[in-house]
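In the two assemblies presented below, subunit A is common to both, partnered first by subunit B and then by subunit C.
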Partner chain A sequence: MELSEMEQDALKEFFNMGLGVAADSLSKMVKKEILLSLPQLAVVSHREAVNLIDHKDDGKLVAVRQIFLGELCGTSLLIFPGGKSLELVRTLLGDDVPLETLTELEQDTLLDVGNVILNAFLGSFTQMMTVEFEFEAAEFLKADCESLLDISAHRLSCSQDSETDTSQAFFLMMDFKTAEDELKHNSLRGYVVLLFSKEAMVTLKREIARIIAGL
Partner chain B sequence: MPQKTILIVDDSSLARMMVKNVVSQAFPQWEILEAATADDGLNKVKNQPVSAALLDFNMPGMNGIDMAAKLMELDPKISIHLVTANIQETMRQRAEAMGIGFIKKPVSKDDIVRIIGAIEGGQ
Partner chain C sequence: MTEFESDFLLSILDKSQDGIIILDGEMHIVFWNRWMEKTSRIRRASVTGMVLTEAFPEIADTRVMQGIDNAISRGLPTMLSHRLTNRPFPLFQPALDPEVSERMCQAIHISGIRQKDKTFMCVLQIQDITTMVSRELLLRHQTELLETAKEAAFSASKAKGDFLANMSHEIRTPMNAIIGMTHLLFKTPLDEKQLDYLSKVQSSANSLLGIINDILDFSKIEAGRLEIENIPFHLDEVLHNISDLITIKTDEKNLEFCFSIAKNVPLVLIGDPLRLGQILTNLANNAVKFTSEGEIIIHIEAEEVTDESVYLHFSVKDTGIGLTRQQIGNLFQAFSQADTSTTRHYGGTGLGLSISKRLVEMMSGRIWVESEPGVGSSFHFTARFARQNAERRRFRLPKDEYVGLRVLLADDNPASRDILKDTLSSFSFRVTPVASGKEALAELKQQEDNPYDLVFVDWKMPQMDGIETIMAINKLLPQSKIPKIIMVTAYGREEVLNAAKGVPMDSFLIKPVSLSVMYDTILSVFGDDTTRTSCTSALAEKEIEGLDKLRGARVLLVEDNDINRQVATELLETKGFSVETAINGAEAVAAVSKNTYDAVLMDIQMPVMDGYEATRAIRAKKEFRDIPIIAMTANVLSGDSEKCIAAGMNGHIGKPFEPAALYSMLVRWVKLREFLPEAGKTPTPPATSPKVILPSGFKKVDTMMGLRRIGGNTALYVRMLNEFRDKYRDFMDVLRDGLSGGNPDVYRMVHTMSGVAGTIGANDLHQASQRLERALKETFKDGGTPDLEPLTETFRFELEEVIEDLSRLGEAKKPSEAAKEAGNECAAPDVSAIKVDEILSARLHNLAALLESGDSDAAIELDALKKMLAGYPKIEALAMIKQQMEDYDYDKALGTLAMFARTLKIQLRE
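Let's turn to the complex of A and B:
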């Protein structure tokens, strides 16, 4: 399925609006400015999706996944490379919490944070659309880049029974980092990724056409 | 009353269309200039004076804050507003410190009426 230049432009702009609101939530939590990249949109295979994530980060990635189902279905991922998730947990819980406790609380804290950020993000991403959807419970994932971005591992289809064509997915990504990251390399950064199936893109194309026609 | 001009700078053509639509409906007498990059916007202003400029922040190349600084050097009388999805407090403060306005995306008709109304009321 091809996306016209205008459709790609619109999706990137909606993503930009979504992450703007999400970054505001995150910024309030960590009391630091969050710098945002330009949105990237690609129709990708699994291999290409993996390559889009920065490979400077060896080892495990930590992610919060939130699946949304309804008139628009897809998967949203908030991904932290390497030990960056612990940086976030430390920032939220304070420097005097022992590392062991931080590690114990990592999952619960990230689920809470991920839920807030991904809800803010998707609410804003779809604010001009007329689609209704509901969120599944947020899930905590720890995996390498290959497994995390394995399109077949995510539920992209609305229907659990129908076989989704997972050979291609629409992949939207922006990365974020705290302002200090410009100077030192141990502060918070991560990615927000949206994965849509071809089926969801039909809905998105229809919504974009409706929005543009109303201008 | 001489025709006034507003400059809209945003790398997203959808975002420019949305602002253009609001301006042309509320103030059809205003001329609209648009640019997809800060550099293109600055070139346009050198050729044609503008009364107001609405600048996106997150663009490839020069960002909206840096462009605002250059615009102020070119013509300090331009009413400049940052139009951005990045609604963090630091961004608002940066705009405020420069003496430029801050508008959250998507732009509403109320925002445009307030900005252009203030310019028309001030003449």
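Let's turn to the complex of A and C:
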């Protein structure tokens, strides 16, 4: 399913609002200026999404998941890039802690951050909708890219989808930067992915159309 | 919900192990569970209906409030972690005394619950994670300790590496002096005992150097600084070097040592011959160490051959004590040996295998071991090499006349027999292997009508040994039908020479036999090559091609250590270089700007100004841009040679250096010009010229041994033999006079002669004179009365035999003149006036004698003569003699020779 340019722009607008909120909260949390930007937004298939994510080391990726239920049901994921750790994470956790070997408390910290970012997105995303949402608590996941992006892997918690439904995803690439990163011109890329079933996409499209009409 | 139901649910919440607070849409506290009462020490009744911030004023403006707002306004959940919101609520761990109890660490989950009116209630769940936090703090602390310990270990290891590198430099400097001085000492006249001590000094010094090198290699591996060269080399040469090193040891232990090289192995390769040799030597040394009887076989086959490269599989197989599975497990680790008791029993650093493993990996191969305790071990490794020229054949195949040569091979050891058979077959010979001397004789008898061309006999065989077999062959067959005989042995050259005195054989080979040596030996036996001569000089000192052209070249030697300076100076002067010295870089720079040199040999670490700086200073002047500067350094870490090059040096040799390495460097860099030997500085003994042919066929003088003792200088050796003959020809008269007159001087005279006899290789005479000397000492010094008569008689006999041998050298001239001519004879002779001298005359007489006895050595002698007379108009006569010899018409050849000699005004004796 394709989104028109107009529809994409509208979505981007929502997400950018969320991004501002998230950056603000994060900056307060770490007492450091955090800059977030959204260089890419696309609606992609499961396969395309897997290809888009940089997971060269083939290891497991670390992600924070928040499932939302209700009339529009789906899964939101914040995927931390494999390999190098984010400056943000370093700021939060201290030294260069490899994401694969986090202690329980370190996982909690990451979960906290992921929660703030996803809340900001979900908040602005759902704000304009007329449908009602229920949100589940944020969860910490370690999985390979393939299954992380497969909606059926999240299905147990999202029972409304029919079994045969294939997933589609909103794929958002996000650049994390601290003020120091900005000076050094380095940024690290994280990914926010919203997974919807085909059925849910229909609902979503309808909602967006309604919002655009109302603008 | 009925009242019962809601009461029931609330009491469940009271049992919860987490804190639970329920707020309505205006943030009023609706519920506060028992856990909250205990940890906040505030009763439920006193907070119900209060706004949360009234109960806990300190949480205003915190992330808790933000989370509550998110939940109430949009239903969004929030999770607050310990690190980002540290202990938000004033809650305390249970304790009897509230004053000492600790504020707890908390993890908080906030969620919104949708009401029927679409507004949200808010639930806060608070977890006590104090224990988890302290556990992780402990963990972090321990990790830090580990980290520190690891860093300490790393830096200790680095310090160790640096220490090793420095120490090995410190150790190598005196080692250079020891090895170099030993080398020089070998060139002085020595008696048997001194020679023995000295060769032990040499072998100990070499093995000490080996250990130092192992340690250094290992520290290089640890530092990741080990590098592999890629240079063209010949596989057979690598094997030859190994055989030199290992045979000494296999001899001592009476072990067979064989090479078996599959036909598909190309021999001309590109790689690191030194490192390959190091691996093979290491494995072979181990094999010898752990084997008390049986054999050691180095087998090589190609697993994959393309035009560009070859993947070789090497194995070193022994019949030693073998290894258990556990022992194999930690074999390739550094410092480890099969087990500690083995270490004590067998010694060694335990570094060899781990170094070999690393080297093999750097050659894109792997190393492994197959072994059975009590049966033996096979160490295998593979390595990839580039090929030099795929077109080039492994060997010049023998001339057509030798193709299909019939060879009988007698060896009792099946492994060694198979290998020899394969090798011989690879030369296109037809080989019949048998397992004993008896079988060999039977085969020869049976095939009398279809005779063998060549017989290979192993020396040490049960029942009938090689010498007995050869004797029996001589009896069995008529003289004209006796094939060429080569004895093969795992024993040392001198042992064979002693044992085989008077045994009619054509040549002998020492196992392990390298392909090229075997090939050359066979051809020489058939008189097709002058290899025997070159063999002899190879025994002495390897000739460096082009070195003699550098005689007279001026070399500046810069070295601060006076012993090393002496070593290098003598090594250079021996080869006719004109040497000047400087003891530091500053002196070197001054010397270079004053005089012209053909090369500078530069030590690196010196006081005042080091080698790098000196080189840079020299190179800074335009006119000295091209003068070759060669570094001599005991720093052998890789990277040093780059430093040398960067400083502007042309090359680099490591200390302690092999004389050959030093010479090769000079040959490589010194530019050829007319070198003028300086007045008053005549080069000390002229370099060995392979063209000076060593007299052969002596019964009582071991010329190979004698030649080696005087450093391989053939001309000098011939001169010494002449001197000996002239001086001691009438010694018996002197001795008898002295004895009858009771003159104590005879003791000193015999003592002196004994030493000289030992040096020239007259071993029996040496022994006889030593015995006589002892008896004379007893007579004259200790007042004893031993029976001198039998000793004198033996002495006389041996002396006469030696003098007879030496008389074949021809009539004496003034010895100094003879030597001069010997040294100069490679120069093109004046065509009109060939110098008729004693050597030429001796040659002709020698050749005549050989022809007379039908000795195949005549071919060698003839070739030598040909070279001597190059340019002489009547030389065609020699070709005719050759033809006659090939037709086995020795009488006719002798006649032709006599006629030829007359043209030179030499009358051959009848």
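Please note the rule applied: the second predicted complex is superposed on the first by the 153 of 215 C-alpha atoms of A that agree within 3 Å, B and C clash if a C-alpha of one lies under 4 Å from a C-alpha of the other, contacts with A are read in each partner's own complex, and residues count from 1 in each chain.
In this section, contacts are C-beta pairs under 8 Å (C-beta built on N, C-alpha and C of every residue); 3 or more make two chains touch, one makes a residue touch a chain.
Being a predicted model, the structure only gives us computed values, none of them experimental.
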Touching partner for A:148 - first (subunit B), second (subunit C), both, neither: neither
First (subunit B), second (subunit C), both or neither touched by A:66: second
Touching partner for A:119 - first (subunit B), second (subunit C), both, neither: second
Contacts of A:78 with subunit B and subunit C, given as first, second, both or neither: neither
Touched partner set for A:138, first subunit B, second subunit C, both or neither: second
Partner chain(s) touched by A:129 [first = subunit B, second = subunit C, both, neither]: neither
Touching partner for A:108 - first (subunit B), second (subunit C), both, neither: second
Residues of subunit A contacting subunit B in one complex and subunit C in the other: 127
Contacting residues of subunit A [partner subunit B, same complex]: 5-6, 9-10, 12-13, 16-21, 23-24, 27-28, 33-34, 36, 38, 124, 127-128, 179, 211-212, 215
Subunit A partner contacts - residues on subunit C that touch it in the complex: 63, 66, 70, 74-85, 107, 109, 111-112, 114, 118, 129, 132-133, 136, 139
Residue ranges of subunit B touching subunit A (in the complex, touch as defined): 11-15, 17-18, 21, 58-60, 84-91, 105-106
Subunit C-touching residues of subunit A, taken from the complex the two chains share: 25, 29-30, 66, 92-93, 103-105, 108-109, 111-113, 115, 119, 122-123, 126-127, 132-138
